[in-house]
Each structure stands twice: as C-alpha cells, then as structure tokens.
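Should a chain be cited, it is by its letter among A, B, C and D, assigned in written order, with residues numbered from 1 in that chain.
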C-alpha cells in the first residue's frame, strides 16, 4: 500500500447542526472534496473526458463510522487510500483525524460511466486514470 | 395584486447550525422550493423547454431580511408573490411566517435563459410561462 | 416486523449536482428527515428531554447503496423500518423508491445521549421512546 | 478604506446544481467562510466570549448580485471589506472573482448578540473585536 493522500479541511459553520457538531451527512461531502483533490494532485479532474466521451463517477455505495464529534473551525486531516480498483469501479477509504484523535472512517465506491441518451453507461476506467489509481493502490488491481 | 402562493416548509435538522437556528443561507433554498412548487401548481416545471430549447433561470440577484430566528421542526408558511415580470426576467418576493410571527422576507430575480454552446443565453420568457406569471402578478408587466 | 413508516420527499433543485442527479450525500439528509417524521408520527420529537436531561442522538454509523439515480422534482417514497433497538442505540433502515423502481437503501445507527459538560454521554433510551421503537421494530430487542 | 481581506475558495462538486453551476445559495456559505477566515486572521473566532457571555452574530440581512456563473473546481478569490461598523452590528461586503472576471458581489449584516434564556439579546460589540473591525473598516465607525 502506498502512502495515503492527505487533505486538510476546516469545519465550516454552515456544516454544523444544532447539536453543535459537524452534521453526519457532511462527512460525505468532505470525503468527496478529498477525492477531487486527489485527482487534482495528478493534474487531473474527476470531471473528465475519454476522447469525446464525458466521464462521470456515480456512487454505488458509501458508508461512514463516527468515533468522535468534529466541531466548528477544527482543522481535520483526511487521509485517502485507494482500497480497490476494478475494471469499472474504484473504492476509496478515508480516515478523518484531528491531531491524534480519530474522528471517523468512511468509504465510497463509484463506477466509471459515460453518458449516452441522458443515461449513465458503465465503461472501463480510461488507462490514464487507471494507471494513477493502480499506482496509488500499490497493489495489482482485483476485479 | 393576486393572492400569494403559499408553501409549507418544516425546518430540517440538517438545515440548522450550531447557533440552534435555521442557517441564513438555507432561507434561499426554501425560497427556491417555494418557487418550484408555484410552477408545479400550474402543471409546469421551472426546468422546461421552449420547443427544442431548454429553458433555465439563473439568478441575477437575491436578498433576505431576517426578523426572528426559525428553529428545528417549526412549520413555516412561505408566501410567494410575483413582484415584477420583465421581457426576460422575473422577480419573486417571499414572506416567511410562523403563525402570526414574521420570520423573514426575501426576494430573488432570475433571467430566462436557454443554453447555447454550454453558455446561458437570455431569451424572452416563453408565452406559456409568461401568461402564468402575468396572471399571478396581477398587473401589467413593466420592463 | 411491523409495517414500515412511509415518508414522501420530492427532490429539491439545490440537492442535485452538476451530474444532474440527487447528490449522494443528500440521501442521508432525506433519511434523517424520514426519521424525524417517524418520531413526529408519535407526537414526539427526536429533540427531546428525559426529565431535565436533553436527549440527542449522534450517529455512530451510516451507509447507503445506490441502485438508480434520482432526479429533480421526482417524488420519492422513503420507507423506514426499525432494524434493531439496543439499550442505548437504534438502527433504522430506509428504502428509497420512485414508484416501482428501487433507488437506494440506507442505514443509520444512532446512540441515545444526554449532554454533560458540553460532551455527549450515552444513556439508556428513555422508556417512552423505547416503547415506540420496540413496537415499530415488532421484535424483542437485541442488545 | 484598508486593503480587503482575501480568501481562496475552490468550488465543490456538491455545491453545484443540475444547471452545472455553483448554486446561488452557496455564495452565502462562501461569504460566511470568508468572514470566519477574516476573524481567524486576527487570532479570533466568530464564535467567542465576552467575559462569561457567549457572543454570536445572527444575520439581519444578506444579499448577492450574480454577474457570471461559477463552475466546479474553479478557484475563486473572495475579497471581504468591512463596510460599516455600528455599536451592535457589522456589515461586510464581498467580491467574488475568478482571475479578472467579476463573478458576484454580496453583503451581509449581522448583529452582535449574547444568549439569555435561550434567546438572542443584542449587545455592544466587545472592544477587542470592535478594534479589529474599525481598523479593517479604515474609517470612523458610523452608527
């Protein structure tokens, strides 16, 4: 396994709720921001093209376990690892930390799709993207 | 002026913030939901077509004054009035009430656009939509 | 197992993303709205007191599987079932449908807490709430 | 007038909508993030205390004009200026730019409050905060 990709995210006021903590749904938004920063670290965007075809990544699964609350203005470090790369899908794992405290761990699985007739159609991950995912995964990919 | 269009909206937990109140940005989301319910009351959608052209309504202005906080699970009544209909734009006004208490008043102005080459292009409001807006406005439209 | 509790939710424009679909994080907000409507159906609120103690329910886990995209203005039916009731925790399951199409299934686990010295402190579910959960679960609760 | 305070904000995917642009309500969230970064630049937090009293800043007004759409992953620069400092209120102005393109201008007015019996109670801005606002405003404050 390669080194995780690290992303810093300060908790926004609007992302807290009346219980005074980061709302549980917003962890998923922060996971997504981390993933997009991971792509940008290669000079790529999650929102890309394979030749003429637009590439998009609808989620098929997401999950999160919460260990400690996160609060307004706290500076979180989110560590992304590539857990699995399939022919058409990728699974990312995320660990949220505030200094030495583990706040949460999450996971998202997305499928590589193009768009045809306004519908998502799964396609193999384009080689340029796959190569980055395989390298980050640090293991032969399993389908 | 015709009767305002009324929309009921209960304050969601995720829309509150750590100060224990509906976050000021979320009033704009509730205004938009009210506007879309207004269009549906005519059997229309804000997301429509004029012949083959997609019609969309990017905002050019929005504003809100806040008189009293709104809290989780409160049942708000949002009254929409059509304040102005131009050739290509419409201005809505919104009053938020909780029973006899006035919570906020807001205002949004949107421009009727189609999309060409991935860019918004202003167009005259299609007659089918304009007729409903004029009737709701209850006054000769001023440009 | 008792009958599921049903909640109708129309997809809001602001909850869609540039891929044209309900953003995956917003399913969690709709699950939470469903849960709060479930409590209200008993004349209760998720935001309650046990005697003098405030009761709040921070999440310890959430997950969702997505089968088909949901789009703007679609009318979703979300079916809540109480999957498990522990001494201090409850797990809800949610099925999202658009007519006969299954859109997604989700799951959240929350822990019953009071607040002491600004920290969440787990407590047994107050009897008045537990009775409703047990009845909805329709099975002897397992811890 | 002093120099504006500058804040960089990249447009998040979840903040876009199905029209492919930053949703108009999310400009208000980015204004608020800018304001909180402004306070942090003095080593302060918007979420503070005046002696024993908690200080919070509910909004009484907000507005925004939109000149050009902002899109996913664009890097916006948001310039905050302190437009007015009253005894109990402050008005901030925000200009959103993407390189040389002006995207939007916004404005928020908030009232300095403490909390008594679960209600907001307006109070004079504590001297330590006021001094920073006056300096940033660069003009004798007008009430």
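Some notes on this structure:
Just so we're on the same page, contacts are C-beta pairs under 8 Å (C-beta built on N, C-alpha and C of every residue); 3 or more make two chains touch, one makes a residue touch a chain.
Being a predicted model, the structure only gives us computed values, none of them experimental.
Averaging Cα atoms per chain gives one point for each, and the point farthest from that of subunit A is the centre of B. Averaging Cα coordinates per chain places subunit B and subunit D 24 Å apart. Inter-chain spacing, taken between the CA centroids of subunit B and subunit C, is 29 Å.
Centroids of subunit C and subunit D (each the mean of its C-alpha atoms) stand 34 Å apart. Of all residues in subunit B, those touching 2 or more other chains are 13-14, 18-19, 21, 25, 29, 32, 47, 72, listed in ascending order. A complete topology is adopted by the chain contact network, contact being made between every pair of chains. Contact residues of subunit B toward subunit D in the complex are 18-19, 21, 24-26, 28-29, 32, 47, 56, 58-66, 69, 108, 120.
Subunit B contributes residues 13-14, 16-21, 23, 25, 71-72 to its touches with subunit A in the complex. The touching residues of subunit D, counted against subunit A in their complex, run 12-14, 29, 32-33, 36, 40, 45-47, 72-73.
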